[in-house]
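Here is the structure we will look at, set down as structure tokens.
Chain IDs A, B, C, D and E follow the sequence of writing; residue 1 opens each chain.
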Amino acid sequence: MDIGTLLGIVACFGLIVTAVLLGGSLGAFIDIPSICIVVGGTVAVTFVMYPMGTVFGSFKVMMKAFFAKTPKPLELITKIVELAEIARKESLVALEKADVPDPFLKKGVLLAADGTEEHLVRSVMETEISFMKQRHRQGQGIFKSMGTMAPAFGMIGTLVGLVNMLQNLDDPSSIGPAMAVALLTTFYGAVLANVVFLPIATKLGERSAEDTLYMEIAVEGVISILNGENPRIVNDKLEAYLAPVLRENTNG
Amino acid sequence: MDIGTLLGIVACFGLIVTAVLLGGSLGAFIDIPSICIVVGGTVAVTFVMYPMGTVFGSFKVMMKAFFAKTPKPLELITKIVELAEIARKESLVALEKADVPDPFLKKGVLLAADGTEEHLVRSVMETEISFMKQRHRQGQGIFKSMGTMAPAFGMIGTLVGLVNMLQNLDDPSSIGPAMAVALLTTFYGAVLANVVFLPIATKLGERSAEDTLYMEIAVEGVISILNGENPRIVNDKLEAYLAPVLRENTNG
Amino acid sequence: MDIGTLLGIVACFGLIVTAVLLGGSLGAFIDIPSICIVVGGTVAVTFVMYPMGTVFGSFKVMMKAFFAKTPKPLELITKIVELAEIARKESLVALEKADVPDPFLKKGVLLAADGTEEHLVRSVMETEISFMKQRHRQGQGIFKSMGTMAPAFGMIGTLVGLVNMLQNLDDPSSIGPAMAVALLTTFYGAVLANVVFLPIATKLGERSAEDTLYMEIAVEGVISILNGENPRIVNDKLEAYLAPVLRENTNG
Amino acid sequence: MDIGTLLGIVACFGLIVTAVLLGGSLGAFIDIPSICIVVGGTVAVTFVMYPMGTVFGSFKVMMKAFFAKTPKPLELITKIVELAEIARKESLVALEKADVPDPFLKKGVLLAADGTEEHLVRSVMETEISFMKQRHRQGQGIFKSMGTMAPAFGMIGTLVGLVNMLQNLDDPSSIGPAMAVALLTTFYGAVLANVVFLPIATKLGERSAEDTLYMEIAVEGVISILNGENPRIVNDKLEAYLAPVLRENTNG
Amino acid sequence: MDIGTLLGIVACFGLIVTAVLLGGSLGAFIDIPSICIVVGGTVAVTFVMYPMGTVFGSFKVMMKAFFAKTPKPLELITKIVELAEIARKESLVALEKADVPDPFLKKGVLLAADGTEEHLVRSVMETEISFMKQRHRQGQGIFKSMGTMAPAFGMIGTLVGLVNMLQNLDDPSSIGPAMAVALLTTFYGAVLANVVFLPIATKLGERSAEDTLYMEIAVEGVISILNGENPRIVNDKLEAYLAPVLRENTNG
């Protein structure tokens, strides 16, 4: 679970609420119609932008930003080296019975054990990676779009408020509060976009990059196993994919 | 039909109208000259930006965002596996008489049945995909351009209103309403761009991606049929193109 | 001639003038010094941005947005199929005497008739396409740059007006008109950029895409002729480059 | 020398000064602390963004926008055709003594005369082009960055001025001038960015494109000479790199 | 150490503080709650955007902008030429004992000495370069994101201040100072983004480009050594990677 996503959002809201309370009351910042136009408009326009299935699927995608387990490339490399040793000592076929918890690596190892040719194994596995990336990019796209639309509806709401206010300037004492309410939609749009939608889109992109790196290591590993490479060399080769910090840990 | 596009736009307008009514009357938000400059200007400038034929064609393209049927890649895969079985049991030539409802797949299957070489089949089919994508990108481009131009004409209209207002500041009571009217074009531009033009451009892009994926599966399927691959393997290979959710459905 | 470019610009100016007249007089919107700083500044800065020859050449390029004839790919395909028939019935050499009105196709056909190798024909023709695209991109670039610079000079002009106005606030009655004049440069910049420069840049890009498609069809056609392909297949192959609408016309 | 760069900048400043004088005095637009924060801040932040050597080198790069000689591709082609004739009539070795004023062409010709293989000649020459482009892009990058930072420091300066002004609203008569001074930094930032930094970045990009085209012609020419191609064909081939206008001149 | 980064930031803050003091007191620009919402919000949202490990790692990455040693490609080339001489005079195996201080070059030289094939040496070394670039891009990405989020939280803070102020317009004398405080968060956001985060992101990008160039020279050098190329030619080839200025130094 990625505790940072939740803590970060909570901390941001905490800071904003504190700022509000230092200069006034929270009540002045809660206006149901304003919330409706910004949240409702952003959600409604998302259905104009994306196919229904994709929109409903995005809630599941969003969970990835909160709960996804960080892939552990080091454990993967250890497992691959282990499999390479089996392949060298016994045979490729022996891999069929090996215990491989990761389903993507398992798929590749089974293909290798079946005697599939290198270019085919690579093509099957890379197709899977490329379509995973495409789906992730789509999930990320929805949150980016919501991050663009929330401030747009904030501005539309503020314009509605301003036009209504300007039509009724007779009572000067009402101008201030009316303008305050008009600004609330801009405020909601800015908070939603910059605290929720855009950061989650960035996190999803980072998660996708981590998954991709993990799967690319698996592909290279399966190819190396298929070619009967020396387990020690396999280890060196795959560690080139990791940052030096991570690498030192394995050597230690 | 993509009910989300229509419902989404209706919901957005509903929310905006409600917001207007909560703080004033709808009449104050309808100003015919302001509508003319924003809508008329956006349409007129579209003819400066795109060839006439393309602009008129864009209404047809827009329908795609409202009424296009979602392509069903699973049905396509089932059909391709069926054809692969025919090709294996009987022969490639037997495919000529097979019932293939999808015209793009049909074209590829006929090419295969004619004994056309793999690289040629691929080239003909991929040329069609690449030009379809290009035409879609152009259709999408028009709506993106309109989504940029509507706020621009909104701003031009507001500047006209402001300059006119500033020239006649003698009657203070008229300043408010004059400024309200000046802001209306900005409001129209923001609504048109963010509720209609830009979301439709996004939806068209999503539809194009779906069509492209569907057609890419068809290409890979035809090539696999041509190479006489095992129908079971063809099924596995093509399902790699789908999200795991969709895939589970077939296995179930 | 592309009547849409001219009509579109005229319609936009008509709408803006009407909007002005509905709320005031046209005289209040014409200020010679303001026009000088926006138009003059935009032109002057274009000479800082682009080599002189390129700037002077851009007027000629602009004409393309108004007067360019739409290339007719269907006529081109008909001509290519005709040439393919000659090449099949008679010989490649017979093409030398064929009547080919289009100079680019002519160049390719002559190369083919000379017995030039396929890869060389392709390389010579594609070099020409790629440099044409580059020159078009440069012409488009100038108008895009002017479309960015016009609002920038509009803002600079408004800042000059505001600073001057703020230094002399003694006479309250002059504030309104002074501010109105200050806003005029922003207005000019917005109109020039969004009605003239940016739309023309887009149109030039569309024209370039049409020319490129036309020339790519010519390249494929010449290669097919060179390879002695069946005229019917040549026709099918080249039509894959066209939108279905255009294609139906030929079949009809 | 590129007189357009200097004249353009002078003309822009002339127009702005005239606009200032028409509505007030130049003195009101000169504020030393405001100039310090915009110019000083932009220069200082450039040292944060780029390595010191690169920043100092950028003054030399800037000179390129003012004084660079336009490369003359036609003269280059004439020279290459001349060399191709020598290579055909005499031998490749004879090129060693040929008079080649351009150092880049000279380098390539010497490589060819030494009997270096085609792919090696191409690789050496293209490495040089690609690194020249990279260095140009870096030089351009500094001016683009300064063009982004100047308005940012203009805004920071205006915020400082506004906050100071808002703290002291007791004397209404001082509000106008204080606000005018606050706006000056925004004005300076806009002028510096749009009249100096961004246009020079664009000009450097154009110059780089011209140099690249020139050098690409040299590469193609040297390869053609190496392959002993017919000088007339070499001429035709290289002219495909030029715009039709330039080409006509040679034919005339 | 890159003294420019530190000096540049110090100079920017110095200029801003001077500008503040010329028009008011520093005290008016320090507001703890405003600092909390901008700095705290930016940091908190960074944890929403990036995995925790990456965020903590970014402080170490930031140090690179202040303290990284500039790689010296000329020394590298001298070392490579020296190794090429050893390889020619003695043998590739003799390189194993050569003194190579740079760890990346050392790795490549050892691979070469081991008799590894060219394409494998290149692949191992380029994998390392490509993943280093990816890690650098991620580090740079965090600072870019913070540079976007700081002004966003500045705006959110200003909106909170404005809404609070507009609710309490009874005491006109408090409006000015309240608005001043509201603007402070915008000011903090602009300063943080443009003086700290965005410039550091740019510097990290420049550092990454320098490291990449250095490592690319090492790769080309090792390949040349492996192919037993003439040390003089190796020198010429590798110098093509450097700017002419740097090159002249070696020739002098």
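As a working rule, contacts are C-beta pairs under 8 Å (C-beta built on N, C-alpha and C of every residue); 3 or more make two chains touch, one makes a residue touch a chain.
Note that the structure is predicted; figures quoted are calculated from it, not measured.
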* **Mutual neighbours - chains that touch chain A and chain D alike** => E
* Asked: Between chain B and chain C, what's the gap in Å when you average each chain's C-alpha atoms?
  -> 25
* Asked: In whole angstrom, how far does the Cα centroid of chain B sit from the Cα centroid of chain D?
  -> 40
* Asked: So which bits of chain E are touching at least two other chains?
  -> none
* Asked: Line, ring, star, complete or other: which one describes how these chains touch?
  -> ring
* Structure fact -> Following the ring of touching chains out of chain A and into chain E yields A, E, D, C, B
* Structure fact -> chain C contacts chain B in the complex at 2-5, 7-9, 11-12, 15-16, 18-20, 22-24, 28-29, 65, 70, 173, 175-177, 179-180, 183-184, 186-187, 190-191, 193-195, 198-200, 202-203, 206-207, 209-210, 237, 240-243, 245
* Structure fact -> Within the complex, chain A is touched by chain E residues 33-34, 36-37, 40-41, 44-52, 54-55, 57, 124, 127-128, 131, 135, 138, 145, 149, 152-153, 155-157, 159-169
